[in-house]
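First the structure, which I've put down as structure tokens, then a few questions once you've had a look.
All chains are identified by letter, namely A, B, C, D, E and F, in their written order; residue positions are counted from 1 within each chain.
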Amino acid sequence: MRILLINPNTTPEITELVAGHARTIAGQGVEIVPATGRFGARYISTRAAAAIAAHAALDGLAEHGKGCDGVYLACFGDPGLLALKEVSAVPVVGMAEASCHLACMLGRRFSIVTGGERWIPMLEEFVAGQGLSERLAGIRTVAPTGGEIARDREGALALLAEACRRCAEEDGADVVILGGAALAGLAGRLASEVPVPLICSVEAGMRAAVALARQGRTAPSGACPPTASVGLSEALARLLSRR
Amino acid sequence: MRILLINPNTTPEITELVAGHARTIAGQGVEIVPATGRFGARYISTRAAAAIAAHAALDGLAEHGKGCDGVYLACFGDPGLLALKEVSAVPVVGMAEASCHLACMLGRRFSIVTGGERWIPMLEEFVAGQGLSERLAGIRTVAPTGGEIARDREGALALLAEACRRCAEEDGADVVILGGAALAGLAGRLASEVPVPLICSVEAGMRAAVALARQGRTAPSGACPPTASVGLSEALARLLSRR
Amino acid sequence: MRILLINPNTTPEITELVAGHARTIAGQGVEIVPATGRFGARYISTRAAAAIAAHAALDGLAEHGKGCDGVYLACFGDPGLLALKEVSAVPVVGMAEASCHLACMLGRRFSIVTGGERWIPMLEEFVAGQGLSERLAGIRTVAPTGGEIARDREGALALLAEACRRCAEEDGADVVILGGAALAGLAGRLASEVPVPLICSVEAGMRAAVALARQGRTAPSGACPPTASVGLSEALARLLSRR
Amino acid sequence: MRILLINPNTTPEITELVAGHARTIAGQGVEIVPATGRFGARYISTRAAAAIAAHAALDGLAEHGKGCDGVYLACFGDPGLLALKEVSAVPVVGMAEASCHLACMLGRRFSIVTGGERWIPMLEEFVAGQGLSERLAGIRTVAPTGGEIARDREGALALLAEACRRCAEEDGADVVILGGAALAGLAGRLASEVPVPLICSVEAGMRAAVALARQGRTAPSGACPPTASVGLSEALARLLSRR
Amino acid sequence: MRILLINPNTTPEITELVAGHARTIAGQGVEIVPATGRFGARYISTRAAAAIAAHAALDGLAEHGKGCDGVYLACFGDPGLLALKEVSAVPVVGMAEASCHLACMLGRRFSIVTGGERWIPMLEEFVAGQGLSERLAGIRTVAPTGGEIARDREGALALLAEACRRCAEEDGADVVILGGAALAGLAGRLASEVPVPLICSVEAGMRAAVALARQGRTAPSGACPPTASVGLSEALARLLSRR
Amino acid sequence: MRILLINPNTTPEITELVAGHARTIAGQGVEIVPATGRFGARYISTRAAAAIAAHAALDGLAEHGKGCDGVYLACFGDPGLLALKEVSAVPVVGMAEASCHLACMLGRRFSIVTGGERWIPMLEEFVAGQGLSERLAGIRTVAPTGGEIARDREGALALLAEACRRCAEEDGADVVILGGAALAGLAGRLASEVPVPLICSVEAGMRAAVALARQGRTAPSGACPPTASVGLSEALARLLSRR
């Protein structure tokens, strides 16, 4: 089984970090095909960067999706998620999407901890779009963005632990999602310092992508009209036009 | 890995049906420990039966939970789900819970098809309790209850297919959950007759139970006070009192 | 007129406390038939205890309901309320249900004060199930549980007064419900210390039970199928099977 | 005990009809003081008429409230309800308010049947203002307005019965409110023709008014500043200025 | 083009203040016809005063609306707004209504700052009635009422600036509405002291009234029945009866 | 005053159609600077096309925004709206955004009519994102997409009129938005055939863009960090990096 792992951040080191951690979870027989965004922000931390990333994620699917059995949109906040689901012939799962639904099975109310304060309203809207606002205890960010955390993960541990603890103790979260590609694997290191379960978003997304790819079926695309376009990559133009 | 599969219906044939299908999904290295409700309705199809089933599910956990790594509450509608999660030392997943969250990853709006019309308000409340009302396209029931379907699965196929089709075509569902222990495995047989993906609730629950058991951690129970009781089974009284 | 007062806690002293206070309110011509839970927690303060109590309440109705004109489920949080309404031939009212609707007529937003912090999420869900979340200013608990308060009511007065005051002053409640069988009659003693009206949940429930019993009609049960069962008390099995 | 019954319609015959039916319910020792609106629509069936009626209800309270132990705003839709509660020294209950909260104790979802189609959005907003939209199955109106029904109650019976039946059979209502002063007492005559319980709004309001007057306490008005005014009745100006 | 500016407060000085500021915004070719409430509170700051003001606003429309192309209900909180829209043959805009919808285009979440603490629940309900509760960051009031601010605008500036800053810094508002006739024009003076955009409610309402009057069309009133009445001004009685 | 009119569809004829109609509304002294999307779908009618259009709209702002006083995102559905607001130094208004808020001032519940059925869920989500779901009566589409309507506007008139009528008569809309660049100016032609007011989305957006540009102030961008990127147009990279 092959899973296309799309990192719409344009920093290959982040892709390697995520793909590396994802491989430890994927299990035997699962090949991960990593794809880094061709254009857009080095690290997505604004609405404008996220909007561009949705296009980059579609571009990545068109370029690298051939022969894959599932797609893992490996950027917390899931830019372009519904558009990918619309055009993909195989199941697509987003990192935040999978984390939120997993969190709902582990506790009554969940919190999210991530890097970069501008993500707060964007993630609130993401959770609302999932219909899960009632389940959300809150969102806390640490000052360094995901990009900054990726460059100094050790330095961010204490800040992240503190934020997770406050989710549990002040916001009433039963479970906390450590969200973001740059935080891959940190949940395990922080678990002993936080009084509620921690979810590693990279793991949650990877497991869900494999599970959905195993089940295989996606929504039918019969009604989606072929779309003529200009100025897109050849692969993306072809993807849009053949539907 | 051992998963306790609790069927709070008091009909052993249903337990065998569910456990049998669950075994085909569980994969190697997963042992399923089936437990049938000791008391309560033969087939749960009313609020009163569901209320009693919550007690029976707790009783089953207390009696058979020892040595298990996870608990699968294998009755669609998940009677006693939050109470089981409260007292269990290992992860607990409900059949409807897992199905609803999976459905959210497969489509924007999901429908539920099950047997017995009295389940409609009960499942509406269940979905609302999950915070997922916005994602629900609708609930349709066929006239035979789950118990009746279990006794004549072939005879129910046409009715179920018709209900599923109407979920897609009239209610706008992107994905349909075939809910209920008695419907184990029917999704595969109906898939070709319905224009949107079908979820087998028995499978969805089993996969989620294994996934959560693998991750292992549950909410801490520190704050849950030991409870003195009278008139319960020795095992259940012990479970409540030691917490 | 006879009102069956079901206390699903299994402590007879609590039943006596509630029934005694209820008799002072019931007025002439109203006979109260008290019934204590046959099995379950001494004092309900967890989800597991509440789940078992729903069964015990049904059991109590089946055993003692004969000849009654109404049923008063006298445990704040109302375990089994909808199941009782489903199977009862006479009107059923819950203590929390009646208190919340009365509170809505006395103020724009109400708060609840009760004993035992684990009730907070359970009561939030109860209020949401009533559709009244928008009217809820908040829930505050004092550390002792209802059971502990019942054993030392004098000692709890100052704590309860403080909690009620904070509901009004910090949470903006226009009216406060003193919820719980163990708090029967304390509203009158605390009224002068709190700047907004206090509702005694025992009184609110009793008045509503009498009022509904006077009006008499309940929802028709025609559609509720008779349910075969195993392992229940003879009375409960009969109640389920004859419907 | 004296209850001020305010009919803000300006038709004395309606006041007599409501007060007459209310007296049959009030019980011994309850005196009803009827007050008809001094100005405004003969029969309230538009937003403009309802807005004026709120002023007329305040005017009626100021003129006739002295010595009363409770106030019953006897017009379904409850124009001026919150303003009356703000200025009254004794408890105030509205006819629609009391009916909706009673309905919630009799069934999961309730419907309203009344006269005059323009009431539909107004009542939807009223129910939303009560926070009860989730409990509302629907609102159906018959073509004649309340005023027209008052003049020919026999002629409206078949239409009302038909509307009530459709609430139960098409909208899924568990209980139906027959709303409106002009429909006083018709619930009893229609009960046998409708498969779910019917609530007479006049009775529901009267019972609640007596119950609240018995309990006596209202929200404190300390914070409400005295208001200088011009052009109001002497009594109303005094009521506003002394607070 | 003529715009009827209705101030349902009964203080002519407030009308002059609002109309004067509105004229600076209206632009050439727009004539403002000011109308002060004939009866009711000098300054509206309670529910009772607002209820009476709705009647006074209708009265003002009936008396002065002839020949106008649009109606501006120039009292923040918009008493009688929907009733005016129902009976008016030309477009009607409320000051709070226009401010809230403008605020939604300037930021994700808005706050309101006004005078007199009793407006808080009234404005919360107004915003909920507009369906905009999700967009509301909060409401803050300064202690002086609108009437008191009108008499000492300089003295209120520091308090208002402080409240606006806290809306941005503590409540997360992206934009703040300075609401109230008495605050006409103060937004410009406070803008430099607040880190987010300020909306002057008087201006927002005036601009919207002109814009809607230009577009001209209103909802058809065909279905609104003529209403017989007693005790109203001749003009208002005529307005209600001819519809 | 200069308004940048961004059409993220990549069809210049649509830009000309919209800009032409917008000029008739803009009034003297308003210059419209039209910009067509450089890349993406010829006509946006899928989620993938809308996702790419958000990037194209940002690209258009970066390329052509210099010297403009306001930005009009002239594509119904407003792809990239919040991202444009985030990075723009001048006010930004979307066509659907402005239409929905205007509709709220013209009626209690509004409907949307547009071309291409795949817009229905996308617009439902847009309206929910605006917090206006409660105000939405429904969305109806005609079979031809916006692109097809643009090529044969006469041929679409009857279909559009029929859809608008059904919004009013079946869905209870008080006002209908004719949404879409391709429908510019058709509202005037259809008005006499529909019993409720019609809003031309092109006009509503244009008026709002001018109004906001006049007021000038936008949300401060202080907190938005400069973003490094790769692979974007030089202008867009510069816009992101300087912030």
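Simple rule for what comes next: a contact is a pair of C-beta atoms (placed from the backbone, for glycine too) under 8 Å apart; a residue touches a chain by one contact, two chains touch by 3 or more.
This is a predicted model, so every value here is computed, not measured.
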{"item": "Most distant chain from chain A by Cα centroid", "value": "D"}
{"item": "Interface composition of copies chain A and chain F: same or different, split at half", "value": "same"}
{"item": "Contact-pair overlap exceeding half with C-D, pair selected from B-C, A-F or A-B", "value": "A-B"}
{"item": "Geometric centre distance via CA averages, chain E-chain D, whole Å", "value": "29"}
{"item": "Inter-centroid spacing, chain E versus chain B (mean Cα positions, whole Å)", "value": "54"}
{"item": "Gap in Å, rounded to a whole number, between the CA centres of chain D and chain B", "value": "45"}
{"item": "Chain C, residues touching no fewer than two other chains", "value": "82, 108"}
{"item": "Partner chain A, residues of chain B touching it in the complex", "value": "82, 91, 93, 97-98, 101-102, 104-108, 130-135, 174-175, 191, 195-197, 207-208, 211-212, 217-220, 222"}
{"item": "Partner chain B, residues of chain C touching it in the complex", "value": "10, 38-43, 45-52, 54-55, 58, 80, 82-84, 86-87, 117-118, 125, 128-129, 145, 223-225, 227-232, 240"}
